[in-house]
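Both complexes below contain subunit A, partnered by subunit B and then by subunit C.
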Partner chain A sequence: MVMVFATAILLLLFGGFLAVVLCARSGVSQVAGQVGAISGSALGLVSAIRVLLTGKAEGMSSVWHMPGGSLHFQIDVLSAFFLLPVFGLSILAALYGRSYLADRKGGYALAGSWFHLNMLTVGMALVIAAHDGLLFLLAWEIMALSPFFLVAFDDQKAEVRKAAWIYLSATHLGTAFLLIFFVLLGRLAGTSDFDGYAAALRDNPALSSTMFLLALIGFGSKAGIVPTHVWLPEAHPAAPSHASALMSGAMIKVGIYGVVRTLTFLGAPEPWWGWLLIAIGASSGVLGVLFALAQHDLKRLLAYHSVENIGIILLGIGIGVLGLAEGIRPLAVIGFAAGLLHVLNHSIFKGLLFLGAGAVQRAAHGVELEELGGLLKRMPWTGATFLIGATAIVGLPPLNGFVSEFLLFYASFFAVVQPAVNIAVAGLIVLVVMGLIGGLAAACFAKAFGVVFLGSPRSPEAGEAREVARPMCAAMAILALLCVVFGLAAPTVVSALDRVVAAATGLTIGAARDQLTAVTGPLTIAISVFAVCIVIAASVWAVRSRRLALAAVRTAQVWGCGYPKPTPKMQYTASSFVQPLTTQFHLFVRNREVLVPPEGYFPASASYSSESSDPFLRGLFAPVFRWFDYLSHLEIFQHGLVHGYVLYLVITLVALLIWGSVW
Partner chain B sequence: MSGFVSPVCALIFAPLLVGIINRTKAVVAGRRGPPLVQPYWDVAKYLQRGVVYGEVTSWLFRLGPVVNLASLAAALLIVPFGGLGAPLNFSGDLIVLAGLLALGRFATVLAALDTGSSFEGMGASREVHFAALAEPTLFLALATLARVTGSFSLTPIYQGFTATVWVHALPAVVLVAMTLLILELVENNRIPVDDPTTHLELTMIHEVMVLDHSGPELAFIHYAAALRLWILGSLLVGLVVPFRSGSFWLEGTAMLLGMAVLAVAIGAIESTMARYQLIRVPQFILGAATLSAVAFIIILV
Partner chain C sequence: MLPFLGIIQALGLLTSFALLGTRSKGAGPQWLAFQGLLCGLVPIIMHADGLTTQVVLLAIGNIVLKGIVFPWVLLRLRARAPYHREVVPFIGIVGSTLFGIPVLALSVWLALRMTPALKHAPFVMLVLSIFLIFVGLFLIVTRRKALMQVIGYLVLENGIFVFSAIAISGTLLLVELGVLLDAFVAVFVMGIAILHINSEFGFMDVDQLTALRG
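The block that comes next holds the complex of A and B.
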């Protein structure tokens, strides 16, 4: 029954190819790409859900004329779980994408963007389904390359080209570690098949630790952990918004998949792996949200929030690994459940928020926060769904973000009351970090939502914004609905995680289920508290309506200390809103400020602008890449003369022959 | 049945706390002051009044106070009143409490930003700043209490503070109580963090955020503020009054008296201290966090 999955992949590929072939007729070409993406992803979603429901892995293996690898696919429960965001978001991104791109010209570029969007989905699906090291790396490369072309969609702009290159360098930095990882694993196991890996590493803790570190760097750079996150804030603002949604919602999760899958090979974990994951999670979480606070480009802000949420996911997995290593089973199960559920939840609300940012970009011609405002009245659907997404990502009840953060807090409190001192300290660290992240994220999204959607427009473009096309609204509405459903149906969702958590932790399904029921009980009562909250809110609203029906209701200017003519420019801006926080955390967040002060008695002009640059990009990567520039002297070998290249081939062949005969 | 004592007391007596604070301040200043029940009259009066809305506001401005009140009222379901348990208790209910407090604040902040006025923006900005620091501090305090009692549900934690446990963990209890007192002042925007009675909007936090609300919505805001004062106050008083006799009337009376004393204490603090410079407030909150961190270290082994 793996045929459904194979058909899904073929449909996606076919849609992409058809889009390219028909690129002369832009309309038809886009429909082909869209239909291929939606139908293929829907089928893929069906195959993943079936595996999750039955719990039976589906596999396919065939002979492959590739040295050192085998064509072995297997969709087990863990793969199926990670396929959900991939296929789910791909459907919605395709639904949204055609309307989003409707005013773009250039059939060739548009066809290419559909082709690469479908290739990205194919790449991610193949990575997750691959059960063979070499196959995995090939699929990884498909997945890593397609976003380069997606990011470079507006390639006439210099900053877009720069973003695409930063992405390409960052992703290959990670791939380099993965290459070493899989080559070493293959040599140890004598096979490239995943089934052989676990046996090769058993009873060899030193080797397992090395492998863990390699995988953490390789997969972590794709997931966007600090300090390898630098590509996210560059690539996401440059890419079309539906591509950003798919990349941030699904692609960075493939990095998490890699970490979790690797942990299943490595046998019993060491405690320090858990501590390392917690340390990386804490620094990614806190720094991600701090950098996000300082941004005033909506998509850049969202990109940094992905770094933060990857941090939260790793905190969950870290607590889980610590629990596994120390033999505290509830900690292991609930920690992993928190991390894995947050993977799903983050893909829902971050997909929603990026689609919302795209709608704003289309309607108001920009995502610069200081130029926006008052969009809730002009774009009611985008505004309401963005509000739901913002509330969810902050982790507020009763939406889905709260549920996974509840699990993580629960696990931390559980750790705090354990007798062992080191476990209690780990729990306390996660608690404090999560509290800080939650508070800062609330500040950040109060700013993002408040400045974009509330108040009055800060530019004429924002004032003339109108609601976007129906398919775009539909895609956002579906994701917003999922935020609510996954929040209110939390106990069901959490108890359905038993198989996935069992697969990730190596425990039996029964054991995982036992521990999860310990949380579903409290979650059920928590949901009933929220139900009471909703009922109270409805009654208070009814009281208000009743009273206002009897009383006078009028509108007037807001109080301005007696100043009668306020302008939109006088509103609090995004930068001023977060200025106290960025000042307090100036150690991490550095703003570059350009100030032209007013001069003379009748100053003609004055200006002020600030820009937040990433300290890691500036301080860590820029010097390294400047050094790499020296390598550009090697360009003399690339002279464009065909006979020269033939000569290289001959030299290489001769060298290989000599090497082969001598050794 | 006794579980419902806690929310019913809160719903009835919460505005009285505000009355006691105001009366204390008046007495210290040598005035007679308004009657103790004045906050009730205020709420009733605002409910009767009409509403004036800012021109740029949307539905969110109208919804904000409603969500704020509802989330705080729902939180009463899980907040114990000293040894008297809450109607609902479950492992992790303290996470739900933090979530509901944060939800109420988020709604208030967004409603403030909806006015498009820079005063409200200023207040909202300060509110989220201090809240971001207060949240981890609250978790530090709760984690310490959880470790002392071996439970992470509010009702068992507070019922677990019997006289023996209390005396045994006294240093930690004192430190956490100080943290909770500071949080009570910070979360409810009292002096030395914020002055609700200052004459200048530029220096306010909470009051300037709700500057443009009027009529029934202002009534909701005032009542919700009283509930917030009550919720955090009962966490503090429940810890400081180690009265776990099992007698319903005795414990209830002790707690109510304790709440009254807390209100007098807040009034005394407000009368004798000046407001901190805004830049000092984060240090004040971090100081509170340090107290709880020390408490956690004390009871760690």
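The block that comes next holds the complex of A and C.
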């Protein structure tokens, strides 16, 4: 019954091609792309859910005319789990995208964006379903290239083109490692089929470790771990928001899928793999949220939060790997469950937040925080759903973000009480890091939500903002609803993870289920307590509103220290709100600040501006790329003369012939 | 059968040198036609003891296409093209002809090295095929006019044809049909492209195409 999946892929492709073919008639072309994306992704979702429910892997294999590879697809439980965010977000991104792009002109660009959006979904789905190294790499390339065109949507802007190139360089850096990874693995195993990989690495820990490192760098750069995260804050603000949602919600998770899938090949893990994952997770998490704090651009801020959340996911997987290596089963199961569940949760709330940012961008013509404000009254749907997303990402109960972070805290506390010192230390590190991340993330979203949606508008555009079109609201509302449902239904969701966790850890389903059932008890208590609190608070609020409605209410200015005429400029700005925190973490967050202080008794004008730049982009990648610029002298070999190109062929041919004949 | 092959080799080498050294207007396509005819005979001679319809059809198809159709197309093309001198190479006529001598030596040496691997292939034909491939590539690289480049391409294709006729025994037809189809398409595409480039830009010099570079 893999036919459903195949049909889904074909529908996606067909929709994309139809959009391109019909590009002369922009309206029809967009409908074709949208219908293809929604119908294809819905079918794909059906096939993934069926595998998750039955637990039976579905696959197809056929001969491929590509030397060294076979056309082997297999959707097992692990693949199906990762297909959920891919297809789910693709449906909503398509639903949202057409209204989002409605005021854009240019049939070619629009048709192209639909084509590449569908290709991105196809690429991700094929990567996750591929069961053959070569096929995997091919699908990976499709997945890696499509966002380049999506990011370069507004290609008349120089900074958009720059962002697209940064993305392309970063993604190929990762692909280079993956190429080595699969070629080496294929040579060792003598086959490119995934089934053969595990046998080749069974009793060779040194080799397994090398493979692990290669995979971690290759997949990690796609997932956005520090320091290869630099493409995220560049690419996401440049891309259309529904594309950002799909990239941040689904594509970077494919990197996590790669890491988890690789772990299933490598046999028994070494303890230091877990430590390394925890270290990377901790640095990505903390640095991601710190950089996010300093941002003025809503989408850049969200992009850095993706880095942070990838860190949280890796902390979970790291704890899980450590548990597997040391043979502590509860740690392994709950660690992996935390990481995997956070994959799903993050795709829901980050998709929601990016869609919300897009709605703000469309309504207020910008996502620069210092020019927004007061949007909650003007855009109630966007505001309310964004608030739910922000609450979820911060990890507040009873929403879905809380559940996965709860699992992670549970695993860490479990580790802390272990007799083995190293496990206890690992648990302690994760606890401290998670505490720090949680606090900073809360501050960051207090800033983001407060500055964008509360207060009064800081620019005329923000003042004229209106609620966005219905399909966009619907897409955001569905995701917000999912945040609530996955939070309230947490015990069910967690115990349903048993098959997925068993597939990822190699333990039996029964063992995984036992450990997960142990967590559901405390989880139920936590969720219910907070749910009850919220119900009480809501009732109090309702009573208060009723009482106020009955009484005569006089509205007046908020007390302004005796100043009678406050203006929007007197509000907290985004940078002033987080300034206490950014000064604390000056070591990591280096803002470039320009301060012109007021002078004299009657100051005329004064100004302050700060600009944040990624220290990794500035300090690590910029010098490397400057060095690459020297290589551009090699352009003399690319002269455009046909004769010359054929001459290269001849020289190569003769050299090969002579080389082959002499040796 | 060896004497025939010897004659074909000698004539094939001569046509190649003629193409390297040709300066006159219509000579290129004519030498090419002769060479195509010669190469078309190779599979018939090779399979003389057990001639099948397949081989005969292949040889006839090859002779018709490369001996008649392609040269005719090229001659027509030349008639419509308004340029004055046929050959304005990067490397002069004398240089090209002299170049042929070391390449022939290289071909003989390579053929010697290849003989152990290809036991059934006649040595003379092996030399010819390698030489044709080199000459074809050389013509593509050094000739300025698109017309001579097409000729170079067809010489290269002749070399591949001879090589496959002598080296591959089983799937001859399949391989050859594939290559022949490639050549067929290539000649027509190039022919059309040359005409269009000519009418659009007023030149047929391939090196001037760099003007199109962005």
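By our rule, the second predicted complex is superposed on the first by the 627 of 663 C-alpha atoms of A that agree within 3 Å, B and C clash if a C-alpha of one lies under 4 Å from a C-alpha of the other, contacts with A are read in each partner's own complex, and residues count from 1 in each chain.
Here is the rule we go by: a contact is a pair of C-beta atoms (placed from the backbone, for glycine too) under 8 Å apart; a residue touches a chain by one contact, two chains touch by 3 or more.
The structure displayed is predicted, hence computed values, not measured ones.
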Subunit B versus subunit C as contact partner of A:653, first or second or both or neither: second
First (subunit B), second (subunit C), both or neither touched by A:661: second
Contacts of A:639 with subunit B and subunit C, given as first, second, both or neither: second
Contacts of A:351 with subunit B and subunit C, given as first, second, both or neither: neither
Contacts of A:451 with subunit B and subunit C, given as first, second, both or neither: first
Broader residue contact with subunit A after superposition on the shared chain, subunit B or subunit C: B
Contacts on subunit A seen with subunit B and repeated with subunit C across the two complexes: none
Residue ranges of subunit B in contact with subunit A within the complex: 47-56, 58, 60, 62-63, 66-67, 69-71, 73-74, 77-78, 88, 90-96, 98-100, 102-103, 105-106, 109-110, 113-122, 124-126, 128-129, 131-140, 143, 146-147, 150-152, 201, 211-212, 215-217, 220, 278, 282, 296, 300-301
Touching residues on subunit A, where the partner in the complex is subunit B: 373-374, 376-377, 387, 391, 394-397, 402, 405-406, 409-410, 413-414, 416-417, 421, 424-425, 427-428, 431-436, 438-440, 442-443, 446-447, 449-451, 454-456, 518-519, 521-522, 525-526, 528-530, 532-534, 536-537, 540-541, 543-544, 547-548, 551-561, 566, 568, 570-572, 576-581, 584
Contact footprint of subunit C on subunit A as seen in their complex: 639-644, 646-647, 649-650, 653-654, 657-658, 661-662
Residues of subunit C that touch subunit A when the two form their complex: 90, 106, 109-110, 113-114, 134, 137-138, 140-142, 149, 206-207, 209-210, 212-213
